[in-house]
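I have a structure I would like to understand better, so I am pasting it below and will then ask my questions one at a time.
Think of it as A, B, C and D in the order they're written, each chain with its own count starting at 1.
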Amino acid sequence: MKNPFILASGILDTYAETMLRVAEDAGAVVTKSIGMEERKGYENPVIFEFEHGVLNAMGLPNPGIERFGEEMKKLRGCRAPVIGSIFGKNEKEFAHLAERMEEYGAAAVELNLSCPHASGYGMEVGRDPALVKAIVRAVKEAVQIPVFVKLTPNVSDITVLGMAAEEAGADAVVAINTVRGLRIDLEFKRSVLTAGIGGYSGPGILPIGLRCVFELKKVLRVPIVGCGGITTWENVIEYLMAGASAVEIGTALRNDVRLFKNLGRGVKQYMKRKGYERVEEVVALAHQNR
Amino acid sequence: MKNPFILASGILDTYAETMLRVAEDAGAVVTKSIGMEERKGYENPVIFEFEHGVLNAMGLPNPGIERFGEEMKKLRGCRAPVIGSIFGKNEKEFAHLAERMEEYGAAAVELNLSCPHASGYGMEVGRDPALVKAIVRAVKEAVQIPVFVKLTPNVSDITVLGMAAEEAGADAVVAINTVRGLRIDLEFKRSVLTAGIGGYSGPGILPIGLRCVFELKKVLRVPIVGCGGITTWENVIEYLMAGASAVEIGTALRNDVRLFKNLGRGVKQYMKRKGYERVEEVVALAHQNR
Amino acid sequence: MHTRIVEVVEENPAVKTFRFRYNVKVLPGQFCMVWDGAGEEVPMSFSYTGKIKGVTVKKVGKTTDLLHRRKPGEVLRIRGPFGTHYPVSSKKYLLVSGGTGIASLAPAAEKIVGRGGKCRFVAGFRNASEIFFIERLRNAGIDVEIATDDGSAGFRGFVTELAGKLFAGESFDYIIACGPVQMLKEIGRRFAEKVETYISIESLMKCGIGLCDSCSILGYRVCREGPVFRAGELIEKGWLEE
Amino acid sequence: MHTRIVEVVEENPAVKTFRFRYNVKVLPGQFCMVWDGAGEEVPMSFSYTGKIKGVTVKKVGKTTDLLHRRKPGEVLRIRGPFGTHYPVSSKKYLLVSGGTGIASLAPAAEKIVGRGGKCRFVAGFRNASEIFFIERLRNAGIDVEIATDDGSAGFRGFVTELAGKLFAGESFDYIIACGPVQMLKEIGRRFAEKVETYISIESLMKCGIGLCDSCSILGYRVCREGPVFRAGELIEKGWLEE
């Protein structure tokens, strides 16, 4: 990876062409989460933007793993490694999806065990440490490429999930997916999203993501990819210091597809100012200073 | 209660004089959470303010239940009912604290089963439904006054806690306390709070509080008091529509001690415009419109 | 933001314009996401960009059918304006619309004339019964010619052909066009190499804010880098062959 | 915001001034929360409110001891400015300081003189070795008199007594004072009924932003409704009897 910035799953990554564009500045890109079958997702409105971030309940729209092969083909020459995000109901589905992603040339797979608003998937599976373990084991057996496990913050103790993933052989954990949230429309007297409850992303969840990474770093040996609320290069450093080795960014890209370039400049300048040469030197610093 | 606005625990409610000031416009006021013994709390910094809210790890500073009697005495003539917030390690402590609060003239007690940063207290107790039940039962046996149970959002499923509280006889539940969060200081390479992880309050947690109330309303019959992130009268209506019968407000008071007055005006105008006469007509509307 | 419908105008049996106050600067060509709280939230171009804004909706399915039942006084939630806008200047323009494409071009034409520019407007419809906004344009002093597929009004044939005829006889600084995608491609093929050509395209919109990729074509987010594109930019990426 | 210390001045063996850039408007009497990342975060009045701000710190315990070890180039985090400020105008003032209270009054005196107002300044210290900021004030053309408990410099006795003497011979529009609480109460008792009297008081600060109640006295948050109060307001609420 040429830099620690990874495009988060679900943002500008359904079509190969958009991903290629973001990939110009990224250390890696994660695809939209892909499942067994095509899904249209929920009806609009699926997004609500407000001062502190975004609520979404897309409902995991995706073309299904078969058709997604076309996009993966177009991604062959991608300048950044492509990580295939997948979601399934159980070990079998996850293993199958991971195999296909490996065949398609994915550099790694990311298991979406954390989407907060699609019934039967995501965090409904990923909240149970035993299921997490079983799924990670099954995927590890099915593929050679590294396996990332994306965790949900909507639990009492995220470290339990992180440890389950690590024990089962995960190569890295990603924290966090969106936080379950709701806003209500005063005129229409209902949720601002068709699906009701959605996932909260963007700057308002930054403290929650940082806290999760900090907690995970205390108990894990595998690398942690920090995610959630990053908007500025300072936020990136915060994640590194909390214990992340790299970061994923989603919501902030809406306003700036070349965001990674700008963040990279900021991080580099900070490191120079402080006399750090490699990103690794910054990782987990906040754990030393209590 | 003359209006649905309640001063949340921990904000401007250590000293009787400040509470009396806030009480001029409030439907009720909750005291700072009081424990068995005096606690100084953590060393400064205990607060971090940022764009989306506030992180705090005060460490439950309080004079202890004995000395707090003096403040309660000064609150005798208070224009709004005074709800005594208490925190303890176990049933026995909670029962004792509640008894004292009742003796002191509290109109109700609120059990802090949700503070996210004091080891051995708050959410460390309140995350376990069995303990919640035991504590609520013990308190219900100890006192005649209504018992409010304040829940933590830092769990996989807040409805499990809500149901435990209801089954054990709680008269109302309050949701939510702060969300566990962290921010890191780039210069000092450590948490912005002495205690490390703190509790996130203010507008950035609004979607989380609304979601919890919405979830709880689906399963509970006892009234729900909404709390978390309220800054405007629109936010109040959102909580009502999500299922709250009243709201607690904390962080937003820092900028306006007379906030309740302004919110009340906004809520009243909205209700008039929409043809509602009583607050109850607005409660849970968002559940009807899916 | 929520706003109340202040007026509903039936433009033709399948098209209605909804006018509402929305105190935000909007440029011709930009769109918004419209939600009535009952149907889906859908993208609509602004057909009026002045003080009282408007969207002009063709009934084509479930949501547009629901929208057509909305009356003055009822509430819409508007998100936007989003996206790019038509270039507007004091130069000479050829505007080409197909069907409801006239909705987003009309305010552009008015703005161009207001700036001292020159407009020729060719508007295509399937037949005479579908024609709307022509009065509005003529009132603004714009020279409009009509094409219908069946010849029931004006020129008989595709509007692109009519545009070709005009183009052959006059020179223009810009062509801007909005309509069905096949029409826009034909515009691209005919004119993009000869004159600055801008087109407004439709795509499936979900977020409207550049996040979800649902609207993307050829690596461009139609909701942000579009809906108005320089035709040449898309053609370079292979749009005509898509 | 983080800022680097640009200068450290030893004012007396127990008091140091730290100067730093902090590009925010600060009014005399306001304070900030200062944190060096190692000790506690503590409240400090601004002793310089111009372009290069400053705080003047007396070593009284753990954190102030750590702060005293900070050198130019080291980083402080500053939150603020917080709280109310001294009234500053072109009127005639009597300023009364006790100990490090002079730190927050000095910029007020300079501002008053800058506005064309008149200042008499009486500064109390325990003894001659603790005196500081007098040069600074005299350089600004302010007439300063000193009181020491032991008479080692200036008037021997309490600064409140010295202030009383001045007050007897002259008339003032305002008295403003900062120092130990007993001194401030004496100021309140002596002058509050006779002339507009403002005092700056200390209290235990935690949040600094009006949230935690730790600083409150008599229902007022010292961090927001204070630290500068009209003495009469506190006295009405029973402050002198507290």
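Worth pointing out:
Everything below uses one rule, namely that contacts are C-beta pairs under 8 Å (C-beta built on N, C-alpha and C of every residue); 3 or more make two chains touch, one makes a residue touch a chain.
Since the structure is predicted, the reported quantities are computational estimates derived from the model, not experimental observations.
Comparing mean CA positions across the assembly, the chain most remote from chain A is D. The distance from the centre of chain A to the centre of chain B, with each centre set as the mean of the Cα atoms, comes to 33 Å. Inter-chain spacing, taken between the CA centroids of chain A and chain C, is 37 Å. Centroid to centroid, with C-alpha atoms defining each point, chain A and chain D lie 52 Å apart. Contact with two or more other chains is made by residues 186, 188, 190 of chain A. Across the assembly, chain C contributes no residue in contact with two or more other chains. Taken chain by chain, the contacts run in an open path, each chain touching the next and the two ends left apart. Chain pairs that touch one another: A-B, A-C, B-D.
Interface residues of chain A, counted against chain C in their complex, comprise 10-15, 17-18, 20-21, 32, 41, 43-47, 49, 54, 56, 58, 61, 185-188, 190, 194, 250-251, 253-255, 257. Chain C contributes residues 2, 33, 35, 37-38, 40-42, 75, 77, 79, 205-214, 216-219, 221, 224 to its touches with chain A in the complex. Residues 51-53, 55, 127, 154-156, 179-184, 186, 188-191, 196-197, 200, 203-208, 210-211, 214-215, 234, 237-238, 241-242, 270, 285-286, 288-290 of chain A touch chain B in their complex.
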